[in-house]
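Multiple structures are listed underneath, in structure tokens.
After this come two complexes, each holding chain A, first together with chain B and then together with chain C.
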Partner chain A sequence: MIFLLRLLVKNAFRHKLRSGLTILSVTIAILAFGMLRTVVDAFYVGVERASANRLVTRNAVSMIFPLPLSYKEKVRQIPGVTRVASANWFGGIYIDEKNFFPNFAIDAKEYLSLYPDYVFSPDQLAAFLRDRKAAVVGRKLIERFGWRIGDTITLRGTIYPGNWELVLRGVYRGLDENVDERLFFFHWDYLNETMRKTAPRRADQVGVYVVGIERADQAADIAAAIDGTFRNSMAETLTETEKSFNLSFVSMADTIIAVVRLVSLAVIIIIVAVAANTMSMTTRERFGEYAVLKTLGFGGWRIACLIFGESFVITLAGGLVGILLTFPAADLFRNLVGAYFPKFVVTRETLLLDGLAALLMGGLAAIVPTWRAIKIRIADGLRRIG
Partner chain B sequence: MPGKPIVEVTGVSKAYRRGTTLVPVLTDVSLSVQEGEFLALMGPSGSGKSTLLNLIAGIDKVDSGTIIVGNIDITSLGEGELAAWRAVNVGFIFQFYNLIPVLTAFQNVELPLLLTGLSRVQRREHVELALRVVNLAARMDHYPSQLSGGEQQRVAIARAVVTDPAILVADEPTGDLDRVSAEEVLQLMDRLNRESDKTIIMVTHDPRAAEKARTVRHLEKGSLNDFSPQASR
Partner chain C sequence: MKIPLSYSIRNLWTRRLTTVLTASGMALVVFVFATILMLAQGLQKTLVATGSTDNVIVIRKGAGAEVQSAVDRQQASVVETEPGILTDEGGRKLVAKELLVLITLEKRATGKRSNVPVRGVGAGSLSLRPQVRLLDGRLPRPGSLEIIAGRNVASAFRGGGLGETLHFGMVNWTVVGIFDGGATGFSSEIWGDVDQLMQAFRRTVYSSVIFRLADPSRFEEVQRRIETNPRLTVEAERETTYYLKQSEALATFLRILGISLTLVFSLGAIIGAMITMYAAVANRTTEIGTLRALGFPRTSILRAFLCEALFLGLIGGLAGLFFASFMQVFTISTMNFQTFSELAFSFTLTPGIALSGLLFSLVMGFVGGLLPAVSAARKGIVDALRAG
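The block that comes next holds the complex of A and B.
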């Protein structure tokens, strides 16, 4: 067996240029496959992080329509509800649009109680809760812009016009690595008070209510109860689990995700064709040698082992290099578009799929050449020599 | 000295299909080869001598007739059984040596032994002995590209005898060699026949090569002509 292993490794590198180029193709395919999968994974991070004990209530017509502030108390009184927090997507810009980061006006005390995932030092949390013009940010965001506690940060409003000056009072870190650490929060009350002064018709409007519930198994009943409460009102609600709510954002990018998946599949198929072509050329050149081996008594399965093994050596070598390159490539990608993805990490599952894809490529590429090598008559194979 | 028959070919016919036409290559050929014999099969191109050799060696199938080698009717064996049979019973010497270029002389000779149950140490002993027989022990670590044509053919002969097969089949073993190398290879085959009692069936165009054989049979248009023992031997 060791002898055959050595033979197939030697065979794999007999045509160094050809094998090198095939390995390069596989490397690029695995790198692209790994990166595209990581992009798809990045879309789903929020979904995976969602808690079963949180519901989100929004306007039934569309997320862009707000809900009245008066709903808050009514929701709180529904049995099984523990907390209700208001939250508005603020959509502010820091200096320039390229500095994008998600920013929200929140009902701080309730909201942060619902999200123990954001971990604050008690002093900073108290300072934030005390100051109506205060803001808190994630660890990655403060690092990105080099802010310090006490700095005044001005956001230019897009949904809510004007320059909003907020004082940075705290920074949170995630409870674990999956928590988004590039969020910006400030007080919903401050937003509402300002709107009362500048645009009274837009005051007392809430983007979504985040609803804490006692038990996850009550989710469907409580959601139905909330929506039932506001049926036939001016602003009917749609309440869903946080996971469903987050998934609805992902579904907005469904087409992009589908395209990304299709592209990664296409890349694999193309490289299978390239590898199969290499193996076909290689096998055709060695029909004589395989005929000699068969003459000496080597059976079909040993010939198959040689061809499949050689194919695996090439695709796994490419796969390994591709996997190793995925990490620096992901770092580079994270630096470029990290603001749009809370987490951009190459997962173990992706690495496993990379390995499987390389194996699959090797296997598929070897099927036809092996079939031909086994089926060729020895006398015909020997005639190809000389 | 030649003894009982080791190969018995009876009424063998073989035809190949070229497009829609069936081209007969061998027609009702019968032949008996004695144990320890050195037989040369001669004939013009297309006479069917290589086909007959391939059939006797079990690397091609007859259309009709039987071939018995060492009491086994090889025409009744399936592909797998035939491969196993070849591994044990037949040593092959080809015109173009057919060594695996990425393997050393030692590894090429070791190839047939991989199909046996021998240990690594035992394989090494057998390979070294075979290479000593062909006088190439000193070049066992050389690759085929580092050896001359004659040396490569001697490695091929070592590969053919390393499993101590019942018969050696050689298809134009000197066809690609210069005169000196051809003579060395023929002497080696002669020695294997005389000293080790190896039964050798050789296909050749070369009258000088045929001179080394004890018996010469001529094939013409798919039929064997009369028996011609070598008077000088």
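The block that comes next holds the complex of A and C.
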């Protein structure tokens, strides 16, 4: 067995340049495959992070229609509901559209108690709650723009017209690495008061209610109870768990995700072609040797073993290097575009799939050359030169 | 003295399996490259075709998109008095005050929810968009709870087909017609009477005012007049510019994604070409020696091997484009995150994309073949002849 392994490795590196190049291309493929999978995973971070103890109630027609403020008390009275927080997607732009980050007007006290995921220092939190024009942001966001506590940040409203000046009072960090640290929050009350003055018809309207519930297993019943309360009213509601609410956003981009997935398969196929080419050239050169082996009485399966084994040695070596390189590459990627993705971490599943892909490449690449090597007649093999 | 081109081509033919494998690697790279560019192109083409250069769209200042915009009745009437609007034979101005909202509908195939734009249209809306025509059924009667659905909505969403009903805004709406907007965003919309829709959604404001210019070349003048009018807080834009902006973010995202991915992939394919060409050189060492002995200079050898690599690239490129061109029959539907609504579009192959795909594959062949060709050209005559 050890002998066979040594033979395989020796065989694999008989043609150093060719094997080296093939290993390099497998490395690239595994690296690209791993990175693409990690990008796809990044889309789903918000979904995994969602708590089963939170429901989201929104207007059944679509997200752009608000719900009346009066619903808040009605939802709170439903048995099993612990807290209700209002939140509006503000859609403000900081200086330029390129600087996109999500910004929300929230009912601060309730909202932040529903989300223990955002960790504040107590004095910053108190300062935020005291000041009606205050805002808090995530750690990544404050780093991205180099803001300091006390700075005035001006957001240009797209949904709510005008320039909104907000004072930065605090910064949060995530409870763990899955928490989105690039969000911007300010007081819903401030938004509402301003709307009362400038556009009274648009005041007292809430984008979504985040509903905290006592026990996760009641989620379906409570959701049905909330929607039942407002059936046949001016604004019917749609209540779902936070997870499926977040998932509905991801599924909007599912075509793009499907494209990325397909493309990550394409890279594997490209490299299978390259590896198969290497193996077919290698075996073509060794037809004579295989004929000798056959003459000595080695069976077809033994030759198949040699070719498959060599193919695996090459692709697994490439796969290993590729997996090792995935980590620094992910770090680099995080530094470059970390602002757009809440999280960018290589999962164990990705590594497992990387390994499987390398094995698959080795197997696929060896099929045709093996078939040709076994099929060749001894006399033809011996007669063949180089 | 030159080595004939057929020498390079016939060498590729002799080692068919290797040629096919190497070329198919490159073909796949070109395929991915072309497909993603075609996607971005299709998106942009669809949205740009939605607009017309002669039409002007007026939305609230800073809103950026129709969905976020609000133009109240008074301001809309002021815009209507703009003298630069085209008047038709009947003496009516070609102008429409429209509403655009999003509703959530379930997809027929998966039951997943997605946002669909509903456009409240007025009398002038149809004449402003000559590309929209009725496929089936009839137009909604003004003032009724009837709607017409775009071709893509009718086929993709539950309740969107002819004779079906949709429930939103506390009323049931009957689909009385299916319309086709060609390859434009309108095919992904639902249209209904603007006043009925505003009442149903309890909205008192329009989303936009759209009008045809009497003289398309005098747009800047009209734009200045509207935007400097103290009674208005709106911005006016040519429809084409407006819709181009709507597609910019997603198209740029797709292009960057496509180009950076294919650059990485192309490294793999280049290495594949390099392996093949090195093998070609190694197998033919004696042949190279013979050619040199016959008097062919080093540059000819170099050129012959480079030609072979370029042919390899060309085959790969052509095969990749051949398969990519079949993608044009597919229509895909995705969320445009700038308008937050579903948009259907198809892959579009342009001569530009085809050309850059071919160029890309030739570059891959060239880069992959350069080092092996140089090593072939540098072989000494005696050593090469002895190697066999």
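To be clear about the criterion, the second predicted complex is superposed on the first by the 362 of 386 C-alpha atoms of A that agree within 3 Å, B and C clash if a C-alpha of one lies under 4 Å from a C-alpha of the other, contacts with A are read in each partner's own complex, and residues count from 1 in each chain.
Operating definition for what follows: contacts are C-beta pairs under 8 Å (C-beta built on N, C-alpha and C of every residue); 3 or more make two chains touch, one makes a residue touch a chain.
Bear in mind the structure is a predicted one, so any value in this text is a computation, not a measurement.
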In the overlay, answer first, second, both or neither for which of chain B and chain C A:I269 touches. second
Going by the contact rule set out at the top, does A:M63 touch chain B (first), chain C (second), both, or neither? second
Touch count on chain A, higher of chain B and chain C: C
Thinking of the overlay built on chain A, is A:L382 touched by chain B (first), by chain C (second), by both, or by neither? first
Please indicate which partner A:S121 is in contact with in the superposed arrangement: first for chain B, second for chain C, both, or neither. neither
Have a look at where A:K294 lands relative to chain B and chain C in the superposition and call it first, second, both or neither. first
Between chain B (first) and chain C (second), which, if any, makes contact with A:T152: first, second, both or neither? neither
Chain A residues contacted in one complex by chain B, in the other by chain C: 386
In the complex, the residues of chain A that touch chain C are 17-18, 21-22, 24-25, 28-29, 31-32, 36, 60-65, 91, 97, 156-159, 161, 201, 232, 234, 236, 238, 248, 251-256, 259-260, 263, 266-267, 269-271, 273-274, 276-278, 280-281, 368, 386
Chain A contact footprint on chain B (complex, rising order): 51, 54, 57, 59-60, 79-80, 83-88, 92, 94-96, 98, 100-103, 107, 110-112, 114-115, 159, 176
Parts of chain C lying in touch with chain A, wherever the complex brings them together: 17-18, 21-22, 24-25, 28-29, 31-32, 36, 39, 60-65, 67-68, 101-104, 112-115, 168-170, 201-202, 204, 233, 254, 257, 261, 264-265, 267-269, 271-272, 274-276, 278-279, 283, 332-335, 337, 340, 342
Mind pulling up the chain A residues that touch chain B in the complex? 3-4, 7, 10-11, 14, 288-289, 292-300, 377-379, 382, 385-386
